[in-house]
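Each chain carries a letter (A, B, C and D) given by its place in the written order, and its residues are counted from 1.
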Amino acid sequence: MSARVVHCAVGPDVIDPVDVLSRVGSDEDGAALLFVGVVRNHADGRPVSGMRYDAYAEMARKELASIAHEAAQRLGTDRVAVEHRTGELSIGDVSVAIAVSSPHRAESFDAARYVIEEIKKRLPVWKKEHYDDGSDGWVEGTVPPGTGRRVPAMPDAEVEG
Amino acid sequence: MSARVVHCAVGPDVIDPVDVLSRVGSDEDGAALLFVGVVRNHADGRPVSGMRYDAYAEMARKELASIAHEAAQRLGTDRVAVEHRTGELSIGDVSVAIAVSSPHRAESFDAARYVIEEIKKRLPVWKKEHYDDGSDGWVEGTVPPGTGRRVPAMPDAEVEG
Amino acid sequence: MTLSVNTLFFASYRDLVGASTLEVELSEGATVGDLVDELRRRGAPFDALPEEPAVAVNQTYALLDEPLGPGDEVAFIPPVAGG
Amino acid sequence: MTLSVNTLFFASYRDLVGASTLEVELSEGATVGDLVDELRRRGAPFDALPEEPAVAVNQTYALLDEPLGPGDEVAFIPPVAGG
């Protein structure tokens, strides 16, 4: 199937989830799914007043496009639209919106989940939480796979000598 | 957690998925998910021009409320909104919309999936496909669990004598 | 002594029976299974109903050995296809 | 012969280093790992960078034994937290 996707963006513009959803869908599709990530008012039990998203913007755009393309392969359609926001966000602001559609529901659930999980693993984005007491801190993140080692991992557990 | 849910309806009114989504969400929630079921233009490879949804309306309302309450237990919040439409629908018309929100994404994905899977298993709703050649036919369905047998299933495979 | 129940047919079962409701008289102590048997004994079109259909009594799914009371609403539920 | 690469620091690494970019001269044939070692040898604050950080070369994740070329953009990527 196509590796194109209908829409992919990283940047400071406000995200309208309804607009993202409106980019997917087709007469062939019986299922559409929209995931919305929102800044919430707590983190690990600590009250949060806002969040700053930093990104390695040029790379994040490429990486998000790769993730969306991979999701399209799983989905079996090119109907994937995703936006990730950067900058200062308040409680309730949308940080990410992912919309997909497909003939049957299983592929939509799988692909939407894939996009958000890969974003968390690989997208070069960082967030700084602003706490109610005026302090702030970087959110503990995830080391992306396929980097940070001196040698590549062995493809097989055993190698014949 | 609460067994209330924010919204649940079965009937002939047009479904606005954006309205359904707007019923969930809270400052505590970092994730919201919207599933939209749409009438598609094909079924098992056969062109479809429309679909009629029949329901045992009073029972469907009760059963959908039960499903939504069960989903709320899994979700850990009361933020579940679901609408199922009945009557004559055209290609692209929304037949079902399910919105949920929760502090973390895993519960939202799980609960939204639960609602649609249980609807398919248990909701007393039937659909008649209208084919492009002018004929029509009832969609092959699923026998709901917990009915249609003469005796209850044994809770254990072996019973001591 | 007899009891009267209100039987409902939906979708393909309604097409089959040619009616959406039917009042049926049963002996006291009758179960849902007895109602199914009684209808199937009447011959066509009822004998085309399954021997063990899905049913709801008063809008709750029920097993066929559930006893019926006067005025109960018993729905014959073809395989469902919502969503 | 030397080669010059453009090094980028993000988020907590930028806070640590106190700069978002740094041009570094390396010997020809140097790898990403050699760049890391060179920076860490400079002492504070660079010695607080991890020995095996996640890195991207020209906006693609890379292993530390990847060889560098003149003008390459090498980003130090702290654990990511998008979404």
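Keep in mind that, in the parts below, a residue touches a chain if its C-beta (ideal position, glycine included) is under 8 Å from a C-beta of that chain, and two chains touch if they have at least 3 such contacts.
Computed from a prediction, not measured in an experiment: that's the story for all the values here.
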Required steps from chain B to chain D (each step between touching chains, minimum): 2
Greatest separation from chain A - chain, by CA centre: C
Chain centre separation (chain B, chain C; CA means) in Å: 25
Whole-Å gap between the CA centroids of chain C and chain D: 75
Centre-to-centre distance between chain C and chain A (centres being mean Cα positions), rounded to whole Å: 51
Residue numbers of chain B (touch at least two other chains): 37, 116
Residues within chain C bordering two or more other chains: 83
Contact pairs between chains, per stated definition: A-B, A-D, B-C
Touching residues on chain A, where the partner in the complex is chain B: 17-18, 21, 25, 27-42, 91-92, 101, 103, 105, 108-109, 112-113, 116
Residue ranges of chain D in contact with chain A within the complex: 8, 10-12, 15, 33, 50, 52-56, 59-65, 75, 77-83
Chain C-facing residues of chain B, complex: 37, 53-56, 58-60, 62, 84, 95-96, 116, 119-128, 138-152
